[in-house]
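Both complexes shown next keep chain A, but they swap its partner, so chain B is in the first and chain C is in the second.
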Partner chain A sequence: METLERTGADEGAPDQPAASAGGTAPGAGRPTELYVKIAGGFVLALGVLYWAVVEEKIRSTLLTVIIAVAASAGIWIGANLLFNQVRGRWQMFNTIAFAVVGAVLGIVLHGNLVTIGSGNGFLTWVIGPLAGAAAFGGLGFALAQTDDPSKRRAIALGSSIAIGLVIGAVIRDAYQPGLDPVAIVVYTLVGIAVGAGLSLLLKHPPLGGALIGAALGWVLGAWGAADLGDGSIGTSIIAALVPAVLIGLRLGMTKNPDYKARVAIDNRSRAVIFIGPALAFISVMLVIPAIRTAYLSLLNKDSVDFVGLDNYKAVFDDKNSLDLTNWTNMFTSVPFILGVILLAVAVVVGVSMQKRTGRAVEIGNPTVAPLVVGLLFVCFGAFTAMRGTLINNLWWVVVVTFVSTAMGLAIAVLADQRGGERVAKSIIFMPMAISLVGASVIWRFVYTARDTSTEQTGVMNALWIGLGRLSTGSGLPTIIATIFLVLVLVGLFMVLARMLVRYGPGRAVVPGILIVLVGWLFIRFTGIVGGGVGGFQTLPDGSVGGQTVFFVQETPYNNFWLMVIMIWIQTGFSMVILSAAIKAVPTELIEAAKIDGATTSQVFWRVTLPQIATTIGVVVTTLIVGVMKVFDIVKVTTNGQFGSQVLANQMFAEAFSFQNKGKGAALAMLIFVAVLPVMIYNIRRMQRES
Partner chain B sequence: MSATTTTLSGTGQPGPSSAGQSGGIVDRAYQFLRRIPTGVLWLIVVVWSIPTLGLFINSFRDRDAQRATGWWKVKPSELTIDNYDTIFSARAGLGRSLLNSAAIAIPATIIPIAIAAFAAYGFAWIPFRGRKGLFIATVALLAIPLQVALIPLLQMFVGGASVTLPLLDKTIVLIPDFDLAGTTTSVWLTHTGFAMPFAIFLLHNYISSLPKDLFEAARIDGADHFTIFWRLVLPLSIPVLAAFAIFQFLWTWNDYLIANTMIGANASQQPTTILIANLAGDFGRNEYILPAGAFVQAFVPLVVFFALQRYFVRGLLAGSVKG
Partner chain C sequence: MNKRWLKLAAVPVALSFIAAACGSDSSSSSDSTSQNTTAAGEGGDFGGVTVTITGPERDDPSIAAINDTLNAWGETVNLKVEYTGDADWEANINTQVEGGNPPDISFFPQPGKLADFARAGYIVPVTDEVNTTLDEFWADGFQKYGNVDDVQYGVPAKTDLKSLVWYQPQAFADAGYEVPTTYDDFVALVDQMAADGGPKPLCVGIESGQATGWTFTDWVEDMVLRQAGADVYDQWVNHEIPFDDPQIVTAMQTVVDLWTPENVFAAGGSIAATNFADNGQPLVDGQCYMHRQANFFAGLFPEGTTFADPSDPTAVDVFYFPDINGDKPVLTAGIFASAFNDDPATMAVMNYIATADYAQTRQKNQTEAVGGGLSGYLSAAMNQDPAVYQPLEQSFLTILNASQIARFDGSDLMPADVGAGTFWSEGTSLVNGDTTAADAAAAIEASWPK
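Coming up: the complex of A and B.
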């Protein structure tokens, strides 16, 4: 309980610039407590580690991971220590840096058994790297000694010729390349063009880049394109010497940098060292695969033949993806008609507001409620008439985003400065920690429907059948429930009357809508229209029995019951963020409005809501992105059956179950295109902020 | 703005709070109605906790009890921990899958923290050309749906990556096949890549807001970037590192999509989410141990969540744009 009391302590902290998702303030939290927790976590990790080591298979994996991580850390720290020398000790840096290059070259050639004398145990293995380090280190040391351009040219060229000759001479017979002049020429020219172009792009003289490019092109053309083993010692010397000389020429053009240039080198290299690993991971795991997915989406299922946009066409032509055949049905559906009526009410209210305040619609005026609810009803009506994966996805986005944001906002306002706020928010926030798989399992038990001859074990069906029994029964509970409904109706009428008398018809819209809903429930419950509400059916013998709802199986409403799972999770998220934003609204603003005579609800609609509009935008965009990708819930509950398929699950099924890479990639690209506007919006916002 | 102001002062009527004393039946009823919001709040709280509560109670009831009555009719006599015994047994293998989950979540939490901290420092405090553009490009990837990377990534883990040179009909192996297909390693490597934009964004927000004087003073004392990062930035950033760690741990522990793509049917490497999803998949047969399994699966993140909720909330507030 102790932890519960403390939960969410941050949300009210004044140093949280949360409203714009701007970031965290430094120096937060009590350090000792944090250290205790870190120590606790460490002990826990050690325990898991011990457990892992006992398991044979995990041990080997763990060992590999630890070695790989340690090696990477070693390289990273080593690179930092090396470049620490740039500013103060150029000569040392130059020597070591060249030696490292030489050693790497030695490892690549000697370690891969390309050179003569390699492959006879540890001692010969070290010879290559050591020789490389010595030769290159000497060159680096010599270059750092003199600033005279002609001397530098001589040193660089002489050493590179020697190194090229030696490398060419020690290549094993099996690796001597048979030269392919066309490839060499083509690649060298391409290398020159690319190198010179890059240099020009970075506003350097093009010659340097051209030399490097030519060297790389030569290596690619002479070694990469050739059939290894066809050549002689002569060809391998040609293949090695030319690039060495080119690099030597480039080296000769350099001069020892002065302090200012060295600072620039330090910063540039440090940028690579610090940012490089992250960019490498991003490119390999995210950017390059994404580009390849775009390419795969244009190929057929085995990624062999180019099919153009056929995969996309297949998605849109598929009746399971998009079925609009019955779209005219929506005009006859009850929600659609109700929605149209509400929209008409909104128009009437809007016109009257236009006359009174000059604005038909603004945040917090009475037009908003019928407008939003009416739109939702119209959309609902449209949804029941159309089918397909794309429509489902659209619905997930609209419903989950709207309901989660609205509920989160409502709870944040309800809980604000009320007793037990932290406990309440903590419990509503808790589903965020549970996996979507776990949540789906939890709700599967809530939705369970069992044969009506046995007792219901799912809460929803038990309540539904209970309601049916209450509605169709005639005992004391039914009477009590009827009286309760009457009391609620009377109460609502009193509110309506008070609103009408005190504030005019505008404020009476919400109670009016509520009265219509409760009144409809009352009429149904008492059986004035229809036989009652709830899960019941009239059996052939005239008696009344239970009737379950198959929440997960009944199309199209099962979609909404699956969305409830997502809403259950995401409401906590929007509540936490909006709650922090509400607490960040300056109290002076609210006080001033109250002094001017604004009521609590006016303060909320006219002051608080406009203040947190940006944060609502952040919540909505985050939810849209999250919901577009929804996969786990559908996969676990229905796996896309019963008309509940969504893009992400279909993509998984096509790509990994049916092995249709092309269509899977096309579906993935559709998800990407759907969130593209959000990405652009985020970029715009970040550019504005920085 | 002026329209709003006129409306505010123009209504002018006394608010409900000042009308409370008059004692008429309408006003007294109104006072009662004013207390409804608190009731609504706690009603929502109850509704929100019922599903989890039901799962928790059912996990302690045997198969017959679960099938006979709803969890709200639980009797003390039918409580048992047999379900937990069953789920941890060798056949169900929850123990092994917990290990696998840890083998994914621990490296997938620690390694991104290190790499992202380097990058965040680099973007915040190392001046170089094109820094802003590169940063925005990196962070723009926040919202990218993971689905667009999955197919090529799986291919890479199965067969490595190679590129065929144009004109030459020669294939160069860029990434050799490390035999990672279907292993936990492939899952946490993927998580590491996917976590990068968010981690950099979150840590950069914090690290770039550290006071500039601090860095200038350290520079004058002769400290280099490495020392500044190691001795200054890292200790000061512990709160935000903790925030990200919790976020990432929950995310990786609870992930199903990536694990299911990379590991799939390889039973010996399955994390808990796949195990639970598979249990839920074979209808009926194992339904009675499902509550216990789901509860164990949720137990670790719930402990982390309740112990470190402050940091989790901070991470959410600072980075609520994750994709």
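Coming up: the complex of A and C.
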């Protein structure tokens, strides 16, 4: 391989100067580039070939690819060519289209070894499809010949009777169905109802749909619900003939389309040819598995017995899913109390705003910040008291979505059109390039705790214990840190005073909050209240030792530390999207607002924010959907232990570790149902926009 | 015109690449099966087919030893063996089986899972030839855990002895401690060590990634075996008594009572945050005196540690985790190889794994792979050459063979929901102080599949 690469490099190198020289004369460089491309392609092809000869697996894969490509391209091109005939040569189109259906039916019947003599390659791949193609092609040709309704009915009915008889007669003994009249009647009636209903829905006469539905229902009832191998040649003829006749009746009702209708068919067919493969993939990979999951969620552990909604009940009855026994604890949790205080502040501010502007809550007025943050804190406090998988998932959704969006927005706004914007945004976006598993491994190291007699290897604990040492120590570093805190506080007080004097109380809010926070830190740091701050503990002998925080193991706050990993990754995402939206806000609007005398913050709250509201909606819904499915982080860090279980990880454990298919499927359905409203909202908004 | 067709072709080409990518696995696996079939009648020559094995052993010496041993033998019959160690074997083997893409052979550390797989029809019984080999080299007591409903599915591939306590004899001598011979002595020694205020008595850590908690289950099993006896142990494991039976709750409580901050040095700050493999270093560093862990823990001591060497003051040795009723029970574990198909090549590999030759060759290779000292491997196969084992390993085998009551690790025999699920997670919660022994046992009992 190495020699091959070198050859490629050698051939490429001499061409380089030529290519750059060619750049001066337009067009002259093109042949050189072409040579380089050809040489490169040649080398690449040689490499692949060499590889293919050496590796048996590569060879067979290559062969599969070539056959698959050829077959797909053939079908693709063939379908396009076929539908090219619709406008001009209806008869030809009809014949070929029917023949293709017949050939496919022949292949399916013989390929699945249900007919007499099948299993023989020649019969399966040549005679079967040819016979099917001839029979159906003849029918298509004959139908295209005449427009007389009675003749068409006779042709369709006659041919379908013949085809049904032949198919019924050539079924192998082992596949002849033992007919179950009840099943046939039920399935046929259901088929009629569904077919007629669909026709009415599409505003077609219901009879046609009913006939097709009856035929499909009959097939399901006679073949699908029957014991194959119990019947005789008579039963298989009945089972095959009736649906054939029904379809024949339906065909007899059709007319040959006039030119206008044919143009419509031609146009519509292209859409089908283009979307068809995608639809087929989605239904095979997504829709059918989803339906099957819903079905499995109603069955037991081994997917044998029907248990109704027991799996769902088991999920909700499980103490690990939802445990509200200690819900009153939330009233004593710090975040909850902080949140209530903030909400009280919001009420006070709201009342004053009501007096001044007539509106208590309005985007951009001072009520919003304490209101939103207060609500977040109250939720946070509630989630620490109520436990369980479902609560954890909710907690993840609320915190990660809110924090990621808010931080992304803040960074996007603050960095906008400032020096170093690109560098800063690139760095913040960087975690997006790290997989969730990789990020979890990284953060597990960050959170690592070691015994306090040894050095901490995790950054967080090292910092925390370092802070504890500073706070409880009395050496030079402690004095320096104290002086630093005092200086910061003094500076903040000066800013506060200036704001109060110059602008009034409104502008003093931010420095006021900072003073409260830094002041509290100062009080704790110097040990006036609580003896200090950071990771320390007083040992029995009176000395002071370190105390680690078990970020990953300590319930319930470990949930938050796991969320930090997600926030770390997702902030970059929301920042990039929101930044693009901010840059797309027309500058005329902002300039107009500024000319009218709006301050920077007014411009942001009253002009920019309403303009990017839809984008914020996109970011929020995308985050909700992503976070609802969170799996990797929990799997890698705790595997759901220490009260950090989430739905997706529990689903994996139930379905794949414990082999409890029913419960796993039920959990999957829960996630699906939880995500559904958000998806519907997203799709509807997209439709509205277009 | 050409260009247009090219564009039209792009979509199906892309789609078919996906189809080919999805399909390539199945086509290649069917290829290997057909090769296996062609090799059927040729006896000692399997035409160079590859037999794939997966298993939970993923440390480099084990992987190298398994591959070298099987391939050295494989050369004589012209077949290749590929062993892959899988960190997430418990979950991945299920996925592989569900996806219709199992390995030829897998190493099961849990007979409970092996039984589940056997009843589900995923694995195949061994052939008569393998059975004969088993009878020649393995005692019934070890064969029986690979036996499901009187049909032999598993072949013992490795034996572990769990009722061991690691310690440094010199450290004991320096502090004037004696090796305890009864459980009361053991508890008294722990109390003495804690009171002396030097190194902590025990090193304990139960973190093990996605299997966090298994160390705790081992302690509980050893404790049930000692406090309540082998009969209660069997009833407990087979769910003939409920999991929250008072005897079990007592055993769980005894363990957590022993694991107090005064008694335990946890390298990770707390027991639940300490990886089970991180207990060798502190023992050697003199941060604790004892560590109860299975024989394979030899491989997890820092490089250069010597074992059972009286001339080296830092040497590490083991003593039997003392019993209460004087019946000397041992807790064992092990790995069973089981096959997913009965191709002749697969069964030939199974047959070889059942022999003493496999055991001693692997032992030799693994000793070399770890650079001398204890290999971490042990096999209770009969008729092995004792010379391949170090003195300490020979004493493991002596304990193992002398014990009247040997019981397999209970969590590996219970259904996966419990043995690899709630027993781990509730045990971890208990150790972490988030629940009580009674509540944890009740929660585990509630999760036992009906």
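Heads up, the rule we're going with is that the second predicted complex is superposed on the first by the 414 of 690 C-alpha atoms of A that agree within 3 Å, B and C clash if a C-alpha of one lies under 4 Å from a C-alpha of the other, contacts with A are read in each partner's own complex, and residues count from 1 in each chain.
Just so it is clear, contacts are C-beta pairs under 8 Å (C-beta built on N, C-alpha and C of every residue); 3 or more make two chains touch, one makes a residue touch a chain.
Note that the structure is a prediction, hence the values are computed from the model and not measured.
When the two structures are aligned on the shared chain, A:89 is found in touch with neither chain B nor chain C.
When the two complexes are overlaid on their common chain A, residue A:204 makes contact with neither chain B nor chain C.
In the superposed model, A:684 makes contact with neither chain B nor chain C.
In the superposition on chain A, A:641 makes contact with chain C only, not with chain B. In the superposition on chain A, A:65 contacts both chain B and chain C. Judged by the touch definition given at the top, the superposed model places A:313 against neither chain B nor chain C.
Annotation for chain A, partner touching more residues between chain B and chain C: B. In the overlay built on the shared chain, the residue A:75 is in contact with chain C alone; chain B does not reach it. By the touch criterion defined above, A:281 lies against chain B and chain C together after alignment on the C-alpha atoms of chain A. Of the two partner chains placed around the shared chain by superposition, neither chain B nor chain C is touched by A:255. Shared contact residues on chain A (touching chain B in one structure, chain C in the other): 57, 61, 64-65, 69, 73, 76-77, 80, 274, 277, 281, 454, 635, 639, 652, 656. On the side of chain C, the complex with chain A involves touching residues 5, 8-9, 11-13, 15-20, 23-24, 27-28, 31, 90-91, 94-95, 98, 116, 209-210, 212-213, 265-270, 272-273, 282, 287, 415-417, 420-421, 424-425, 428-429, 432, 434, 443, 449. Residue ranges of chain A in contact with chain C, taken from their complex: 56-57, 60-61, 64-65, 68-69, 71-73, 75-77, 80, 274, 277, 281, 301, 319-320, 448-454, 461, 548, 550, 552-553, 555, 635, 638-643, 652-653, 656-660.
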